[in-house]
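Consider the two complexes below, in which chain A is the common component and chain B and chain C are the respective partners.
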Partner chain A sequence: MSVLYPRLLGDAARELHSQYQHAPIAKLQEGHALRHPSAVFAATGGRRVTAEELQRLREDILTVAARAGFPNEGRRQDRMDFDVEVAQLLHRRCGLVAAEASVRPMWAFLALVLLPDVSYWRFPRPPGDRVLGTDITRHVWGRLWWRAHLLALPQEHERYRLLETFGEAAFDQMYARRRSIGGSRILVRAVADAWPTVDRGRVPERTLLIDVLKRLSRWGAVVDFESLDDDELRRQVQEAVTESAAVLRAVYVQDVGPRHASDRTLG
Partner chain B sequence: MTRVFPFLRPPSDVVSVGPWSRLSPDGTEPLPDTLVDWDYSTTLSLHRPVSVDGLRLRELAGLTEDAAVDLTVQWFATNSLLRGRAWRSALPVENAFDVTIECALPGDDLGGALELITSVTLRSSSPGASPAAPARPGSVLWSDRQRVVLEGENTLFPIATADFHDLPYPTGAGWYLHIDEDLDGAALGSILLLVNERHEVVMRAVRAASAPTEADQRVLSTLRADVLRVLVERALTDEGLQEDVDHPVGSLGALLVSVVRNAFPAFSMEALRRERQNAPALFSSRLQETSQLLVAS
Partner chain C sequence: MITPRWWSQPFPPTGAIASEGIRNQLGRPPVDPLTVFVRETAQNSWDARLPGVETVYRLELTTVAPSYRPTWERLLTPPAAVQEHLGVGRAVSTPNLRLLSVVDRGTKGLGGPTRADELTDGRRDWISFVLNVGEKRDTSLGGGTYGYGKAVLYRLSRVGTILVYTRTADETGILVSRLIGIALGRSFDNRGRVDTESRPFTGRHWWGDVRDDHVEPLVGDGADEVARSLGLTPFEYGESGTTLVVIDPDLDDFEDMEQAAQHLAETIAWQLWPIMLPERGTDRLAPVVVAAGRAFPVPDPSRVYPLRMFVAAHRRLPTDSATTLDCGNPRKRLGRFALERSVVVPMSPSAVSLAASFAGVDGDPHHVCLMRSPELVVRYHEGPSTSSVHSVYAGVFRADDQLDDVYAASEPPTHDNWVSEQLTGHERTFVRATFMRLREQLAVFRAPAQNAPSTTSRTALGAVSNYLGGLVAAAFASTDEQPGRRESGRPGVPRTPTSGSGQDSPSSLNGSGGAGSSPATRARVTTLMEPHIEAANGSVVLVARYAVTTPGPVRLDARLSVATWEGREDEPPAGAARPMVREWRTAHGTVTDEFCVVNGPAEVELVVVPVPDTATDMSVVATPLTELTEGAA
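On to the complex of A and B.
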């Protein structure tokens, strides 16, 4: 049975964001709560999360955040590690089903009511979509749950080993293509599996990934990837990666300049 | 839009499909368009008879008899946009091959509408195939799609109950339909029907929605009509919403346009806007009619 989380609707979320976006972390720590008068629960589809569960979730996320330097700024790499660890924690612990995790206002509740201090620490002075329930792809917590859900390997001992394969920007590329290929977990996992072995030369990771995804989307218009065995799926993904890398390497051998430098690593 | 396949495909009559059925505690029933009693904890047990001319389809797709071909069922959930394989079986080289698809779909990843896509796909080609034949494994030679709405009409909208004393809505109201501003945002998550826990009559009817009394039915009819009214009004009062502008599939804008089209198939949005402005009483009666307000069922 899915666990239902409170949903913080648009107006209340926007109001909190306008109060919080320039507030110091210490004030946001004081502002956190386990409930909000304007937050509502869905009437059906599971059981309501308890106050104790919310409190425990907050404490566990605070522990991970402290390791990453919270409440101080910390290093960029620490925040990457924080993301990977919290993605697993949210996915393992929240008891959410995918349909409930698609409901954006529940993520606004986590960001603005339960964890405002950590949310605004992770993305200081964020644009609204990092904390409001407007775009899960960009949401400080929602994007992490979805990253774990798409990349988790249910049958394996190291269930979340693929989480570290992609940074946020790269994962966004797949998540944004959910309707075509990003909704297919076997395909997303096959790309993640193949990725570390790719010889991309001087081709920026993001550029290569976008090309691979376009290639797979084109094939996907006439191919049912879900019908394939794991080996064959891996072979086709490898083929797409190899073709893209070969085409782009040829381009980047002739055309490497400073304008590409900023695109070389992914956040 | 017709999809153009870059390879030979057999004619559609190489496969004959029967209806999808659902196995329930009460026996087997045809799969309806809407599953009223579905929720996330439901595992759907489905089956469907299929007959395939395995020899003919290989010939007409330019494949040899050695080509390996599968019958596959894929599921797709419209709210999470997740998809996966539900069932697969190899198709032998024989005509009039009968097989029954049987699959079980746990509710965890489903929601919104469920699409069941039955396909014949190539598993592997073999030497001697026509140059025009499909070669890439997974190539779709034939497919068929059926959609079923999960969560019946009583829960099609995300519903929440709340004490209106704590919310910025009138404390004595029965319900409030919350609709977000962003027309391109996903419809799910943009709309929420809030029912006031203080309103006993409405709460009783909502709780009894799967087996309502006559009195509950009247309340639910009024609620449904009002929800439709609010959606139509929202669509008509938003100048940014035009029926000839494409809003993303699954977006609030697309939902509102489709609500107005379904409610008033004979009227353009412009005509409805004029009537709402110039003859509001007539427009109100029209809404009553299309929402079948208090019509005996």
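On to the complex of A and C.
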């Protein structure tokens, strides 16, 4: 059965955010709670999460955060590892179904009530959508759950092995197309599956991914990817990836000036 | 001069193959005897080709002219003793005797000894074609392996009789003509007759210069003279080649000779196109079909749909866009494979020619043409049909020369399939692997399985509309919202100033406000006919019809893009094509430009070349030109 989480509605969330925005992490640690007077539950659709479960979730995330240097700033790579680990943790543990996970105030509750200290540590002085849940694909926790959800392989032993395939910037391209490509889990997984095999040459990952997504998007107008079987889907995706890589490699071989060299380090 | 006579082969003491056996060598009865006939005779002609000249392959459907008929009857009527076993006697005594002749020139003719018991190191064409049965051919990379296919010639003749008229170089290099008749009847014995010695006969008969125990052909001038008296196509000076004449061919499937000739011409295109292509230079077959004095042109395979798709794929074989298919274990190159895809208007069933359906391509192609070194079509191997009737493909697989023997050995006598079961060991693996690789290559086309897993919540109807509606995206005619967005810097192209007043004045829409005082800044375009697919000069185009209601000159710009999952595509993937304007059809002719200027009110048709495998979004933006001229004044 699906688990329901408290939802922190808009006004209350914005108020908390304005309080917390410039507060030191030590103060935020004191501010955390397991419930909030303005939080509400959905009337139906599952059982309500218990206080113990919320407490345990907080503790687990704190453990992962501590490994990544919390409450100190830590290295960039550590925070990447933190993201991957928390994405799995949230997806495995929360008992959320996609319908509940697309309710934005729920994520606001996690960010502002249960885990304000970790949220503001992960994104210091964040723009509102990182914590408020105005845009799940940017939300400190919501985007991780969805990333895990899109890439999880429920039938496999290592069900989260695809999580590390894409960098954050590349995966944002999927989120940006969440109504089309990003909305099809099997397509996202197929791209992730094909990704490590591609010979990128000097082509930045993000550039290549955008091009691949363009190709898939063209086909998406006439092909129902969901109706293809695994074999056919893999073939289609592989064709797009190979074609993009081949065309772009040629472009990037031709002009490898210093300008492009700096592009590469960014990508 | 020697008068040719019939001679019937008696069973020798050691036994011999009876003529029924020869007639049945083809195995199963052919689906269409004429298709087998064309394949077999063309293969013979092709294997006999001379270097440096085009091989002429002419099929002639004729009726014996009344002036020649008495000669036919006089020369070809068999002796009374065998008359009931040799139908040709009946045939030559009827008026309107039909003949189907294969005339090849630019070939070397049937040479070598005329007796099968003579040893030779040189050519044995005559022996293997006229006398022996099932003899292995030694033509390097030749089309046939065993001469079984010639049985179709006898099958096609209602009286089992053919004439062979050939001119070939003898050992000294001098051209000599030969003429012989061959008939395959039924084996019989003549014990019922009192006028001859009683014994069993094989049913094989020869017509020519009868000797004690065999028949020699008529040779030299004697042969030419008899051929002339029968009205057979003569040889020009210095010309070699062969003419095969099928007496009384079975053309019951056709209403008349014209229809049969048409079918033969189409069959030639379907079965022989790889050796007809002009890029082969002189090493090519030049087919001609003539019926009752009228020529029936053989369709140009590189122009007619769907054959031209196979031609296109074939031409890609040596390029990078083709792939090499390999066998994994044992490791071996199997051959090259190329694919041609297209978006088409589906053929109506009545447009499918008989020749195409006998070739196995019963409509729009989803086939791979199999061929090996002689580049004769082995068969059109049917692949999975695509999920859309508009999407078709044609492939060509050409076997590697190193494996030519293997593929040849897997062919049945009619050379129209590769049957791995005929082989053993590795050879069997190679042929099986070939079909497996082809299956893999074509797996992308497989139509979606019935119970495909779906994780979306689309309703069934939604899925259907996604399938069908996506083929042609709806077009909406829109007025010019952003005239300034067009790229600047085109000299000589009039543009609408963006600062024009009265931009939204509705009164100016139909020019009712008076063109002078209140110039129209927007022109109205309505869609008369939604975009639909049409075939134009053999390619697929999208056509939509618009009406311009604003009076005066109006500039129309096409807004084209690929419709993607996310709406209109702003920027195509790297290196990918975009839809293009092919032309505007107006009342005053066609305009082949990005934009066109019409004098409203008017109707125009916009013709767009789409990008294969995509949906196209098209609309038209109209800008009146009156304001510009007045504003400039």
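Throughout what follows, the second predicted complex is superposed on the first by the 254 of 267 C-alpha atoms of A that agree within 3 Å, B and C clash if a C-alpha of one lies under 4 Å from a C-alpha of the other, contacts with A are read in each partner's own complex, and residues count from 1 in each chain.
The criterion applied here is as follows: a contact is a pair of C-beta atoms (placed from the backbone, for glycine too) under 8 Å apart; a residue touches a chain by one contact, two chains touch by 3 or more.
As the structure is a prediction and not an experimental result, all values here were calculated from the model.
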Following superposition onto chain A, is the placement of chain B relative to chain C best described as a clash or a fit?
-> clash
A:95 contacts which: chain B (first), chain C (second), both, neither?
-> neither
State whether chain B or chain C is in contact with more residues of chain A in the superposed arrangement.
-> B
Thinking of the overlay built on chain A, is A:37 touched by chain B (first), by chain C (second), by both, or by neither?
-> first
Please indicate which partner A:244 is in contact with in the superposed arrangement: first for chain B, second for chain C, both, or neither.
-> second
Where does A:231 make contact in the superposed view: on chain B (first), on chain C (second), on both, or on neither?
-> second
Answer with first, second, both or neither: which of chain B and chain C does A:128 touch in the superposed model?
-> neither
Of the two partner chains, chain B (first) and chain C (second), which one does A:214 touch, if any: first, second, both, or neither?
-> second
Could you say whether A:10 touches chain B, chain C, both of them, or neither, answering first, second, both or neither?
-> first
After superposing the two complexes, find the one stretch in chain B that runs into chain C, choosing from 24-32, 42-50 or 114-122.
-> 114-122
Under the contact definition given at the top, report the residues of chain A touching chain B in one complex and chain C in the other.
-> 179, 183-186, 219, 221-222, 224, 226-228, 232, 236
In their shared complex, chain A is touched by residues of chain B numbered 3, 5-7, 39-41, 70, 72, 74, 76-77, 79-85, 88, 107-112, 117, 119, 121, 123, 136-140, 143, 155, 158-162, 166-168, 178, 180-182, 185-186, 188-189, 192, 194-195, 206, 249
Which of the residues in chain C come into contact with chain A in the complex?
-> 388, 443-444, 446, 448-449, 452-456, 463, 466-467, 470-471, 473, 562-566, 569, 571-576, 613-615
Along chain A, where are the residues that touch chain C in the complex?
-> 177, 179-181, 183-186, 211-212, 214-222, 224, 226-229, 231-232, 235-236, 239, 243-244, 247-248, 251
Show which residues of chain A lie in contact with chain B when the two form their complex.
-> 1-2, 7, 9-11, 37-38, 40-46, 97-105, 133-134, 178-179, 182-186, 219, 221-228, 232, 236
